[in-house]
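For reference, the structures are reproduced in the following blocks.
Presented sequentially are two complexes of subunit A, the first with subunit B as partner and the second with subunit C.
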Partner chain A sequence: MNNNLLSLIKKESLHILRDKRTMLIVMLIPVLLMIIFGFAISTEVNNINIAVVASERTDGVKDAVSRIAHNDYFTFCGYIDQDRIDEYLRSGKVGTVIVFASDFDRRMEQIYAGIPSKPIIQLIVDGSNVNTASASIAYLQEILLGRASQQAMFETRMLFNPQMKSAYNFVPGTMGLIFILVCAIMTSVSIVREKEVGTMEVLLVSPVRPAKIVFAKMVPYFVISCVVLIMILLLAYFMLHVPISGGVWGIFTLSLLYLLLSLSLGLLVSTVAKTQTAALLISGMVMMIPILLLSGMLFPIENMPKFFEVLSNIVPARWYIDAIRKMMIQGSPLIAVWKESVILLGMTVAFFGLSLIKFNDKLE
Partner chain B sequence: MRPFIVLLQKEFTQILRDTFLTRLMIILPMAIMLIAPLLATMDVRNVNVAVVDLDCSTTSQRIMSHIKASEYLTLIKATDKFDLAMQELESGTVDIIVQIPDHLERDMTVSTPEKISITANAVNATKGSIGTQYVIQTIAHTLIELRNDKGLNRLSEVLTVQNRFNPTLNYRHYMIPALMILIFILVCGFLPALNIVKEKEIGTIEQINVTPVSRFTFILSKLIPYWIIGILVLIAAMIITWLVYGLAPAGSIWVIFFGAVLFILTISGFSLTIANFSDTMQQIMFVLFFFIMIFILMSGLITPIDSMPGWAQKFTYILPPRYIIDILRSVYLKGTTLAELWRDFTALGSFAVLFNILAAVTYKKQA
Partner chain C sequence: MNEIVISVRNLTKRFGNFTAVNNISFDVCRGEIFGFLGANGAGKTTAMRMLCGLSYPTSGNGTVAGFDIMRKGEMIKRHIGYMSQQFSLYNDLTVGENINLFAGIYGLSKQSTEKRTGELLARLNFLSERDTLVGALPLGWKQKLSFAIATVHNPEVIFLDEPTSGVDPITRRQFWEMIYEAAEGGTTIFITTHYMDEAEYCSRVSIMVDGEVRALDTPSRLKQQFNAESMDGVFRTLARDAERGD
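What follows is the complex of A and B.
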């Protein structure tokens, strides 16, 4: 009996190994994505272009401008005329225009002396780019008002990510997306292809039990995903310097569970889809969009309308990404994410069971 | 001309016959335009705050009530033990802890009061930094108010802010125009590429190859249906955004259409080139997935291009979506004109020519 299974697994592995190009693509793409996103993507706002309108370039104005020009967040693009503000903002040459009042120096002294004054600085911001606009306003208030504002009263600490690296947020997210897509696409297509070509019939009339056929299909893909997983963890640790502070074994165990879940999901897709196109579209497009939007990978779930916040609970990637973030970056042990683990386990069992039932149904 | 019309007829019949595909082409764009703007918000709202109040004064009460009233901040917990708040932060229920020092109120009159400490969970760097700024602004505002009440040395608002083009800083308005390109990528890029590779894998492409139909005719007949569908979907998407989100273009509709047509040509040429190099659907799916991820994450759709490191910013110049996203956003929100966007249009036009030539050259009639 075991001989049957072994030779089936061997057959599947040969199928996969023979197609060198696909193998290469499957192994290479996750790694490339990881590198690009780890290094290139940043949600933090910097390099905002600034123009200044000042009818008189007094010492106070020059001082303020030089403080802005020396700040890493801003690039100073020069002084412009009052009537060109609109044109500069509309064409996207600058993101923010600062307008200084004509008697800026005198009024600033009044303010330091505690005498009430009307506003003397106006920020005109390109609000079409929302996060850049809010960040720009906040930074400029800090730079321009320094002494006059209350900034000096606060002491801030950024926990877990003092250098404010976006990679800390992106690495777990990308892992959650890549695994589910790689595993689901690979298994579903390989099963549906046999159906479409007709070789599935041949396998089914053989004395091997259907469960074994399916199992044999999953084993090689599981091995490939494990290799991808190891590569990604090594990359994250050594190249992106993401701390794996919660213990590598915890992360590894949970990721293995997640791989199994993704494989079962692929299996389920393959029982529903009749053609390869349908299987690819379901596992690729129909699944990709909810994962991108609802997993909390990019967009915070707590910002969403209540209905979608509830709906996001059925997206497996959401739980995995949550747990990996806690373990990788906050350094929680596996025990601390027991809730996420149990949910993922439950989903795996449900997907696997459902697809076995559907698979057996088809045969009768 | 005759074979061309017949081929076109064949493609349309095949697309319409495939109920799964037609449903997908209707439902997916609608879903993207209706649902994605609700979800794709990266503006920082709902920052959960815990206050560790060591002062227990009217000042700290006032600060807490201001945090409660803020539209961005939610007061989750008020306690006098930092450790309790820290536990909440580690479990993720709290994002920012504000610790109000003992004697804050008494020290208000002193020139150097003890500092208010703010501890943020910065796993998500954006939320950490912008959230902290919100907290600082809220508390600073409270303190100014209190000082003014007591007639202490007054601090006035010396700075005003004016948000052009999107006065309420509505994040949805920022995302909606850009989300339209997702539809183009999926409908005009993905679908025709899958279609051609499918013919390759099944072998029916051989039958076309042995006919006297030229490769240009064949490829054009494959693409034109998706171009038409792409434009129809764009019109539908614009109507939806207008009806549902009340967002109409501030600039000319024709500039939007011109940009969209150029981008549709570019993306279909691009995916055809990839299709020419792929043998199986599995392969092309992976390669397309790879590019879509790069398009979505690197061309300014979600994260600003300006914040990328220098080399990555240069790299974005070879990504066609970068230009169409800029065009759609500028025209929709700012009313930018064709003349002001000439750089984007030139780049997009060149890509359209380049990729379509590439697609035609790499298509081989012999296997």
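What follows is the complex of A and C.
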């Protein structure tokens, strides 16, 4: 490596090291996001308040109620009268009311004996939150039918994530988001700042080739991102107990590729944006929102209208998150996600090439 | 006149329909302080950018430090220094780090960087400020440091784009002493300014109006020619007919 490239890299590193606040933010944001997405935001349904209507509190009813009361997902709020169901649901005191038939015990015996029966339990559910409602129904069916459900036709087994932990879903998503944030925003802002302040012109008058200026900018951010990557993996493994079953090296390799892609994106933004604010807005809004909405991080791509499903194909995070999910949770090796890897590689080359062309054009 | 360092013939730059620089020609000799004057929008900066290899002329030709501006832009960049009108060093780096950075960029070896840093700091009386962050220096000092750094690689020509705007009179005076010193050492100075008293300090002055060079001579002969008492008068006479303004 020659002298002028080293000088530039040193300069970029000094900029970053001197800017303690930004450094802190870059290091803290990933940790915060991991904690927020890992713990606080959870699609698991917990603590649904339940009230029970039963004309007779028979042994069968008591048994069923105690099973619900002992379940983490539900909080048993007591027995209520039939005519207060509406009031309880409407006021939000409870999310679900369970109504037991008066001859619940006898009918249950019939079911165990294999005799077909009319419904014996009514679930009245507050449907205003669809997620909670459907989860609540699913859990309650499982709990209430108990032995009876074992005789049912389906046997369900949840592979890879048997406890349905949402951290498993969010960790790959967060990774897809963080690297775009760190790499794309930081690089683009730092390049545009030099344009704004006027130092870029001085650099361009020097004999250093533009490609070198840009390369030197990317190096320190790449190093920082690697540190962040290691931090995230450690947090995911030790704090959120996400299995990193596909092998660390595969995940690392793919993440490095994604880092390069994010850096190229930042570079591309910097060629378009004239001010730091614009750079921030472009990388913040234009990149973050598609990642949140279209990457499959929060909403399953399969459920999207056709238009958005097609659109999601151009969101790089979509492919990265998909691949990381497969490697982390399902334990697939890197070779199993070759399609995603090739797509990411192609995007990186395209973004980088495009931004170099645009960067050189600027000089004319 | 001795050796010619900058030579420009029929240089033109168009942006679409707009002709920013229209057919300008001039020569600048070694060791000259060449004042490049003109109102805002007259085309000074565009012309200067072409000489520095930052943009290509639409037509015409020229050489800087012996290299063709159309084909040898990269070579020109090695032999010129440049100081822009905005303060353009890094505020979050120290004085020493800024010097080292540009020494490195211009390919100076470690030993010569060390030697050159010492020389520059001594000349500026900045030896005690080596580890001060540039952002903490007063503007005048920053401008002097900028100039010193533009000379770090001993360039043949230094381009100064309004280097003294916003600087107090005392620092301006010191700044001009540095310019004279550099010129006496054989460095050619190409300077744009809005201060007409500074124009008087130049060996020769060109005045651009509406993208053309309307006058070019020594300050004393220009004053004679336009029958004015000062450069200010010369400038006013010429700028009065300008069609393009701010």
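By definition in this document, the second predicted complex is superposed on the first by the 306 of 364 C-alpha atoms of A that agree within 3 Å, B and C clash if a C-alpha of one lies under 4 Å from a C-alpha of the other, contacts with A are read in each partner's own complex, and residues count from 1 in each chain.
Keep this in mind: a contact is a pair of C-beta atoms (placed from the backbone, for glycine too) under 8 Å apart; a residue touches a chain by one contact, two chains touch by 3 or more.
Quick caveat, the model's predicted, so the values are computed rather than measured.
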Item checked: Combined model on subunit A: subunit C and subunit B, fit or clash -> fit
Check: First (subunit B), second (subunit C), both or neither: which does A:L32 touch?
Finding: first
Item checked: Degrees between the directions from subunit A toward subunit B and toward subunit C, using C-alpha centres, nearest 10 -> 100
Note to self: Applying the document's definition of touch, where does A:S332 land relative to subunit B and subunit C: first, second, both, or neither?
What the structure shows: first
Notebook entry, point to check: Looking at subunit A, which partner touches more of its residues: subunit C or subunit B?
Noted result: B
Notebook entry, point to check: Which holds for A:G198: it touches subunit B only (first), subunit C only (second), both, or neither?
Noted result: second
Notebook entry, point to check: Taking the superposition as given, does A:K10 touch the first partner, subunit B, the second, subunit C, both, or neither?
Noted result: second
Margin query: On the A-aligned overlay, A:D19 touches which partner chain: subunit B = first, subunit C = second, or both, or neither?
Written below: both
Note to self: Just to be sure I read the superposition right, which of the two partners does A:V189 touch: subunit B = first, subunit C = second, or both, or neither?
What the structure shows: first
Checklist line | Where subunit B and subunit C come nearest after superposition, their Cα distance in Å | finding: 13
Next item on the list: Jot down the residues of subunit A that show up as touching in both complexes, subunit B in one and subunit C in the other.
Entry: 19
Margin query: Applying the document's contact rule, which stretches of subunit A touch subunit B when the two form their complex?
Written below: 19, 21-22, 25-26, 29, 32-33, 36-37, 39-49, 86, 89-92, 108, 111, 114-117, 119-135, 137-138, 141, 144-145, 148-151, 153-162, 164-166, 168-169, 177, 181, 185-186, 189-190, 276-278, 280-281, 284-286, 288-289, 292-294, 298-300, 302-305, 308, 322, 325-326, 329-330, 332
Notebook entry, point to check: Contact residues on subunit C for subunit A in the complex?
Noted result: 52-56, 74, 77-78, 80, 82-90, 92-93, 97, 100-110, 159
Next item on the list: Using the touch definition up top, name the residues of subunit B that touch subunit A in the complex.
Entry: 20-21, 24, 28, 31-32, 35-36, 38-46, 48, 89-90, 92, 113, 115-130, 132-133, 136-137, 139-140, 143-144, 153-171, 173-174, 186, 190, 194, 198, 201, 279-283, 285-287, 289-290, 293-294, 296-298, 302-304, 306-309, 312, 315, 326, 329-330, 333-336, 340
Next item on the list: Write out the stretch or stretches of subunit A touching subunit C in their complex.
Entry: 2-4, 6-8, 10-11, 14-15, 18-19, 197-199, 201-208, 363-364
